[in-house]
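All remarks here apply to the structure that follows.
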């Protein structure tokens, strides 16, 4: 109770973006994530956690020191937890918006794919919901009743704070998960368990902020709901990981020029991803190929399809790995764009 | 001598500001302070100290990564101390301006009230003197002669650096304190000692920077003097803490729209605050109600009165506590404005 | 393999710049460097290193939180090393541009002179090559073959990223060093070894980025080459340190108003510096006087000469020292300008 506990992890990237600089390819070296973790528990019921972090450090053209995005440094996650019972905790501060599994509960240190789903901020993408780099400031009630068979997270937060929210209405986000095999009871899940855990998890969530002014039109409610499933299980000489989610978005608060999403648009998103971890090492590490297929359907606009294929090479689980990814974005009205990524990731 | 020593403390807030967003109330979740402390002593006479920090992290509309105010992250306190003798130390770097007791010597981790005096940056207030979030860059000579009966701090610093200081004159700040009971010999005092220390301390200080251009008028001297008293003592089944200060300001360098303070104004500030700590626990912690009354008198303008009442609930002293505060600002020509604050604070 | 290792060092400065504020002298208190070092090795071949840092914290008029320059905070050095063999390492992330000895391989914690060469960012100077505070994002292959007789560093990095690099061409930097006495095999060398190491090192390096648009003219290649020598050896009752470098710059990417360097200029730089460390302590520490003479010759412009003289006083090597420096810049067409610096530096 008298010491802080410190960890560190980072992901070094080289990324090549086809037609990323006008008609030329873009060569981008960056640190995709750099997270210094500090945690401690000064007394029985109270603990704290923070990530001092930058995302996309050195990405071409990205320079937002306020948010630790491209440059600078800031607190990414930062909360105090009042842990009254395994089935009831109160957490206050800046933390994940508990909406999707992919970015709402999964640690980005332990993803199956080289990066998150494109619509949730992966590769070169932008997050489709209101957030401060995937987090929001507020309070979350959460817990794992019934020995972790069930997990709930209910957040009250700020969401949109600008003049787009004239009444300063709060935002409500709720997520419920059923763990049908081994329970996932922590705040951060893993994106793939490398054969160490048997998980079948079904999740559903919503996100609501009312009476916003979007695209100059007042009185709009931003509402999102989602349904997702996650499966991770040892099989034969390895382990399979699969994850899928459907997301319905009404009155978008975000814009994303890649897929032509604009404020106040309605849209549906879907992705499915899977990977296979080989128990038998190749040279000094273990390999795990994966793929992801993602679709973006915006009402009264053409659909976009995004396909990723890649490979992880684990030297010491998620604490020392290399990854390769090739993602291709199939635009409705323009040529497809390929993005190639190499990652080296370490952590303690 | 071969290790750095690391600490961490943070204060999570929900604040409701009446008429804080036009005619609507403002709901603001923020981390009021997040301080990572790093200190060490590489050799006998030399030591260092720093706070890597953000204040008001996530406060609505506040976004100043340069200063770690609202967003970003920076060094808040940062100095090297040459400790030649308990009665004579030289400290160089960025540190508290040794002017008031409330924000010039007290650790904001251990305040009696939920936040500082309104005119010194508490609640939603703004600091009335030149500073970098209460600090300045310079050198301070300080010490505790006569076994700590006496403490002095004499700072030479930069103060105003812009074109408002055409000759780049240095700033001089001095503070002297008489400790009539137990001495307070550290750089940081506590705002309330929870019955663990008997203190009666009388302080006086000045702050001078000459020949400034304020409100477009050259040749003005910014001069502040202050007198304050602090008392902390066990009584009956608890402990009482009381603090009061009078501040006289000539040729203000700061503006504060809340109380209509402008550059080059003359003004007087006064506050008195007191609290009572109960030794007998209520459930798992100890309670301490407090109040503060503060006045702002600006020459040729109407007075403003500010009243705060609140309660601390200690689970483990200043390392684990919860606080409630209600502050009401009585403007001379407008309706009074209430501000309600809930705090959860932890530290190691 | 399960713990991060943390260090900290900082340099507190008072600097007086003659005619630094119009016709008046400028008084500048700052923290010249504040570096929190975090390193670790999660597995046999992979390690990480970072400096969380600010340079020139509080320097008058400097406010760049994105780069941790004057304000804010950011990652300064940040890399993952794949250490396959002492003679072959792959390092990815943000790191020194391996061009000069002075700022390309020397730790700024252990300089002979109070600061770097003026043209490499010392005193009040600006770095003459493309960089992010002396670093760039990319990948470096390096190693120490032949028991460290030889060290090479070959970097592929981003260099200029803006529209001045329309094809997004990569930058190539290479440096080779011959160690004729004891080898220097680390990433960071020391600027002076205080009699603890015998070094005679000859280095040569180049820096190339092609097809840039400089000064509105497309198709220009930025090319730099340099030759340098470093000598450090015990003599009689002390130790001598000497260093010299010649640098040839074609098509400058940087501007520097002090010496009238502009984009697309060609220029030659030269400096020689030496110091003598006395083994016999004076009072509680050891003294080391030094000087540096530096010249700047820009094609079709007048030359500038810069002379520095100073003194280090070591209480505990580079972990606790004080320094004095007086630098005078002899402009071709204006009065000479003196800059006086006092430094207190500590580290663990």
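Order as written gives the chain letters A, B and C; numbering starts at 1 within each chain.
By our rule, a contact is a pair of C-beta atoms (placed from the backbone, for glycine too) under 8 Å apart; a residue touches a chain by one contact, two chains touch by 3 or more.
Bear in mind the structure is a predicted one, so any value in this text is a computation, not a measurement.
Asks: Given which chains touch which, is the overall layout a line, a ring, a star, complete, or other?
Replies: Looks like everything touches everything, fully connected.
Asks: For chain A versus chain C, which are copies of one sequence, does the interface use mostly the same residue numbers on each side, meaning over half shared, or is it different?
Replies: Here the answer is different, because the shared fraction of interface numbers falls below one half.
Asks: Which angle of rotation, from 0 to 180°, maps the CA atoms of chain A onto the equivalent atoms of chain B, to the nearest 5?
Replies: In degrees, rounded to 5: 120.
Asks: When the C-alpha atoms of chain A and chain C are each averaged to a single point, how far apart are the two points in Å?
Replies: Distance between chain centres: 39 Å.
Asks: Please set out, as single numbers or ranges, the residues of chain A touching at least two other chains.
Replies: 6, 52, 65, 72-73
Asks: Name, in rising order, each residue of chain A that touches chain C in their complex.
Replies: Within the complex, chain A touches chain C at residues 6-8, 10, 12, 14, 20-22, 24-31, 34, 36, 52, 54, 57-58, 60-61, 63, 65, 70-73, 284, 315-316, 319-320, 344-348.
Asks: Going by the contact rule at the top, pick out the chain C residues touching chain A in the complex.
Replies: Interface residues on chain C, with respect to chain A: 1-4, 6, 38, 40, 42-43, 45-48, 50, 52, 65-68, 72-75, 78-80, 82, 92-94, 132, 137-139, 157-158, 161, 166-168, 170.
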